[in-house]
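Okay, got some structures for you below.
Common to both upcoming complexes is subunit A, partnered first by subunit B, then by subunit C.
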Partner chain A sequence: MFAIFVCLAIIFIFPLYWMVISSLRPEGRIFVDAMEIIPSALSLDTYRRLFEEEPYLTWFINSITQTGGYALMGVFLCTTGGYALAKFRFRYRNLLFILILVSQMIPFHLLIVSLFLMIIQMGMAETYQGAIVPLAASPIGIFFMRQYMLAIDDEMLNAARVDGASEYQIFWHIVLPNARPAIATLLILFCIDYWNNLLWPLIVFRNPENFPLAVGIKRLIDQYRQQYDLTMAGSTLATVPVIILFFFLRRQIMEGLATTGTGVK
Partner chain B sequence: MLSGANRSNLWLRIRRNWQLYVLLALPLIWLIVFRYAPMYGAQIAFRQYSPAFGMEGSPWVGLANFERFFNSPKFEPVIINTLVLSFYSLIAGFPIPIILALSLNQVKARFFRSSVQMITYAPHFISTVVIVGMLFQFLHPRVGLTASLANLLGLNAPNWMGDPGAFRHIFVWSGVWQETGFSAIIYLAVLSTIDPALHEAAVVDGASRLQRIRYIDIPGLLPTAMVLLVLSTGRVLEISFEKVYLMQSPLNLAVSEVINTYVYKVGLLSPILDFSYSTAIGLLKGIVGLILVIAVNHAARRLTDNSVW
Partner chain C sequence: MLNSLRMPRRLIPGFFHHKKVVPFVFLAPFLTVFLIFKVYPVILAIIMSFQNFQGVKSQDWVGLSNYENVFELVRFSQALTNTTVYTIGTLLVLIPLPLVLAVLLDSGRVVASTVFRVLIFLPALTSLVVAGTVFRLILAKDGFLNLFLEGTLGLDRLRWLEVSELALPSLILIATWRWTGMNILYFNSGLVNIPQELYESAAIDGASPWKMFLSITLPMLRPTTFFVVVLSIIGGYQVFVEPFILYAGGAGPGDGGLTLALLIYRTAFTSFNFGTAAAMGVILALIIFVFSLIQFRFFGVLGRED
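Right after this comes the complex of A and B.
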């Protein structure tokens, strides 16, 4: 069993370890030393170059701002939508639900050109809004929240209504605290989604000053200047926030995924 | 009379529940604006779009854009590459998470279980850009890890990233590596809902471990597995634009040009942006995807009695 464990650890963790040590090799040694599993010399030089020669810090801040905005907006929209669909009965509710699910099946590539034209028309090209607003309310996110909200006890909500609580108070003080695991799950999934998203920001932004990390790193390895050392350093730093976020919230994620039984992607 | 009463009733209900409608309106408006309205914009697939005339004013050309794609020399390779890459990914990526979940489910040691889970789904959180960067470096023909290993063994260093024959395997198996652990989460959750009494009874009857997996665990997983299979077929043509695009090089373009990358190039990257043409190809892809979903759903129902609808 121990042997299996070691094998799995090597297969799954080694590439990450290798990325980190590659980024720490002294300048010009990244390829020469490729076989040195335990590096003989370490240097932060690549990281210094990353910040001095490339606008890495700007990309990093862009990524954090855009990801934060995207995730908060998306989670808010999915939570309200999911709650309304799960806990209120109204005419055309099922039709609405189906319309939402169907919109998930529209391939994004079909929308891309129209969305791009729309963004230009709305004056949102080259802006953060342009990058995050069109992606914000994910149908699958609404579905996920709805599944979770279904499990909230109706009695509890009705009791609050009898006591004279407004719908706003109920949503804020009862529904939100009860849905905390689902909200945490969705929040981190949305964060990772945007943090790693390449296609849409690549379309919206032309100016390197506005790039989020993924687009910036892509520039480092494009055909013309394959700067692997910078890429490895940039990638290592870009992975750190995701890993931190994940390890803090991993129990809630597992819980959220297991309860709703959906693999949100 | 009746309809009048109904209408006032409706207004009354809206007035009384306006908060509900506010909750619902926000996501709904968003979906209409950013998912359904662009569908209306997809009509430019049937027009010769030019910015001067706008979406509705551009001349109607019927199916000309589609015909152009069918007759283009790119048509065949792009379609074949998309299908091969999609189905290869689908087939390779489907059973492995199930096997991982089934074997993890057999493990009683809690610590071992949770560590393996954590290790295997770690790669899911790494961005595609990073993965591809790592692939390039690992497989570098002169100084990558594979090259160094080959040198050590006295072999010729392979140039896998530049080899069109290797592109598909690298693409698919690095994807399997990245997603196996995360996909297994769902199967593990399903396995944990299987009644332990079933297993106890089977043990009493003298069933071996493999027999219990075969006759209890697998049937328990099947409905979920089928639903996930149908759903991922729906996404099959959506194969990661980003990863293909990043892994593309002039050397492997013959096998790596897929619909998504082609749409991006003709629609948004080329010097003459051809919005109509790329939208037409996108539309075509949507239709093919829909047909595939229906077909797989049908097959799943016939073969296993489980399907999404």
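Right after this comes the complex of A and C.
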């Protein structure tokens, strides 16, 4: 039994191993040496070329900026909105909640043409706002926050109200500190989500100077000469941050993904 | 605790403290973005599906002709067939395999089960772009898989990326790699909820592990299984990035890797036929809507609400 799982684990890890190894082979050896599962010659030359011949560093920085912007904005919208849905009664609340849940079923491919026209008309094509804002109101994100906020003790909030705290003080000083674990989880999930996203940034950006990593890697592999070595080096560097994050925050990521379904999109 | 609360409350105008206004202040940021970038584009897309576009500007109403075009399109029926076969294929692999693995990992007979869980889960963290590029390398004519088939197993090389019939198997292979760990996670959370007493009393009655799996585990996992099936169907019908990367933005040999989402993207941004792309989007949305309704019907709002 143990042996079976060892084999399985090797099979599942192998493509990742292969990506790293292929990125480290000397130039032109990716296919020639493909039978060398443990390579005899390693070289960091591909990585040097990746940074010298391609705007990889720019893409990496773009990814960090865009991912950060998206995650912060998404978490802000979902935390405030989730609090309103969980702790206040107001007209049309249930209707709105159902609308948000139904919107979760809409495939993004229905929206690509209309959103594309919208960002062009709004002058948001080729901008970070254009890449971030249309994705930021995540239905599953607000649902996740609402579920968490429901568990916050009403009596604690009411006691503060009796003491004369304003609603905004209550939110800042009581709700936010109590929701910290959920906020952290959502922040991580949003980061992974944008970091790995291809479709929307691909539509928003035409200028390679603005690409995030996913779009940049897509460009690398589709150049006139398939540059597998550069692509593998680029893919490796794009994957490493997520894996590092995962090893520090494994429990949160796995539990977060298990409760939000297919990821936060 | 309340010391920190003694702040001048009148920094914010009185209106915003009104009981009826407060919830909408909290709701406003989400709601604004949601209405502008989620609700409105859906309406706009439906409108666009009845229009004909010359470039991005001038458009005129053409009634149902976009939809008629779509259904007459050979590529559309091919994409629909491909996507359906792909979805069924992923179900055939990605339900039984993770289920069995989850049960085995949960049984306490595997040493270091957490390590295996994590290792099998890792692919789920990679971006689909990376999954696509890595498999494009592995499946290449002189790639590792062919060398392995030939050198180690003595089989013939297969032209994974160049033969129409191998497109969907290749895509299903990628899906298996990427989602097995994720589905194990779902099945695991289902397994945790099975009361241990059921197994204990069955053991007293002398039931074999196989018997227990059939008569306790499987029936008790039915809700989870159903949830994963519906999720896989919804995800399967939207598959895009994998074929998009594998076939360099094309659709593979003989359109073998053409999926609905890929066809929508190409209709919109390669042929610049926005009206037809919108109509295809509406059709895809309807397909997904039907499966989501089934999920709603059986699971309450999002499957996991309790």
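Quick note on the criterion: the second predicted complex is superposed on the first by the 247 of 265 C-alpha atoms of A that agree within 3 Å, B and C clash if a C-alpha of one lies under 4 Å from a C-alpha of the other, contacts with A are read in each partner's own complex, and residues count from 1 in each chain.
Operating definition for what follows: a residue touches a chain if its C-beta (ideal position, glycine included) is under 8 Å from a C-beta of that chain, and two chains touch if they have at least 3 such contacts.
Remember, predicted model here, so these are calculated numbers, not experimental data.
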Combined model on subunit A where subunit B meets subunit C, clash or fit: clash
According to the stated criteria, A:88 is in contact with first (subunit B), second (subunit C), both, or neither; which is it? both
With the two structures laid over each other on chain A, which partner does A:114 touch: subunit B (first), subunit C (second), both, or neither? both
Once the structures are superposed on A, label A:173 by its partner contacts, choosing first (subunit B), second (subunit C), both or neither. second
Once the structures are superposed on A, label A:163 by its partner contacts, choosing first (subunit B), second (subunit C), both or neither. second
If you stack the two complexes on chain A, which partner ends up touching A:207: first (subunit B), second (subunit C), both, or neither? neither
Just to be sure I read the superposition right, which of the two partners does A:147 touch: subunit B = first, subunit C = second, or both, or neither? second
First (subunit B), second (subunit C), both or neither touched by A:40: neither
Thinking of the overlay built on chain A, is A:195 touched by subunit B (first), by subunit C (second), by both, or by neither? both
Considering each complex separately, which residues of subunit A are in contact with subunit B in the first and with subunit C in the second? 1, 5, 8-9, 12-13, 15-16, 18-19, 22, 30-31, 34-35, 76-78, 80-81, 83-85, 88, 90, 96, 99-100, 103, 105-118, 133-137, 139, 142, 166-168, 171, 192, 195-196, 198-199, 203, 213-214, 217-218, 221, 228, 231-232, 235, 238-239, 242-243, 246, 250, 254, 257-258, 261-262
Contact set on subunit C toward subunit A in their complex: 2, 4-5, 7, 9, 12, 16-17, 20, 22-24, 26-27, 29-31, 33-34, 37-42, 44-45, 48, 56, 101, 104-105, 109-111, 115-116, 118-131, 133-138, 140, 142-144, 147, 151, 177, 180-182, 185-186, 188-189, 231, 234-235, 237-238, 240-241, 244-245, 248-249, 260-261, 264-265, 268-269, 274, 277-278, 281-282, 284-285, 288-289, 292, 301-305
What residues on subunit A touch subunit B, complex-wise? 1, 5, 8-9, 11-13, 15-16, 18-19, 22, 30-32, 34-35, 76-78, 80-81, 83-85, 88, 90, 96, 99-100, 103, 105-118, 133-137, 139, 142, 166-168, 171, 192, 195-196, 198-199, 203, 213-214, 217-218, 221, 223, 226, 228, 231-232, 235, 238-239, 242-243, 246, 250, 254, 257-258, 261-263
For a test of understanding, state which residues of subunit B touch subunit A in their complex under the given definition. 13, 17, 19-20, 23-24, 26-28, 30-31, 34-42, 44, 55, 107, 109, 112, 115-116, 118-120, 122-123, 125-130, 132-134, 136-138, 140, 142-145, 147-149, 152, 177, 181-183, 185-186, 189-190, 192, 224, 228, 234, 237-238, 241-242, 245-246, 249, 259-260, 263-264, 267-268, 275, 278-279, 282-283, 285-286, 289-290, 293
Can you name the residues of subunit A that touch subunit C in the complex? 1-2, 5, 8-9, 12-13, 15-16, 18-19, 22, 30-31, 34-35, 76-78, 80-81, 83-85, 88-90, 96, 99-101, 103-118, 120, 133-137, 139-140, 142-143, 147, 160, 163-171, 173, 192, 195-199, 203, 213-214, 217-218, 221-222, 228, 231-232, 235, 238-239, 242-243, 246, 250, 253-254, 257-259, 261-262
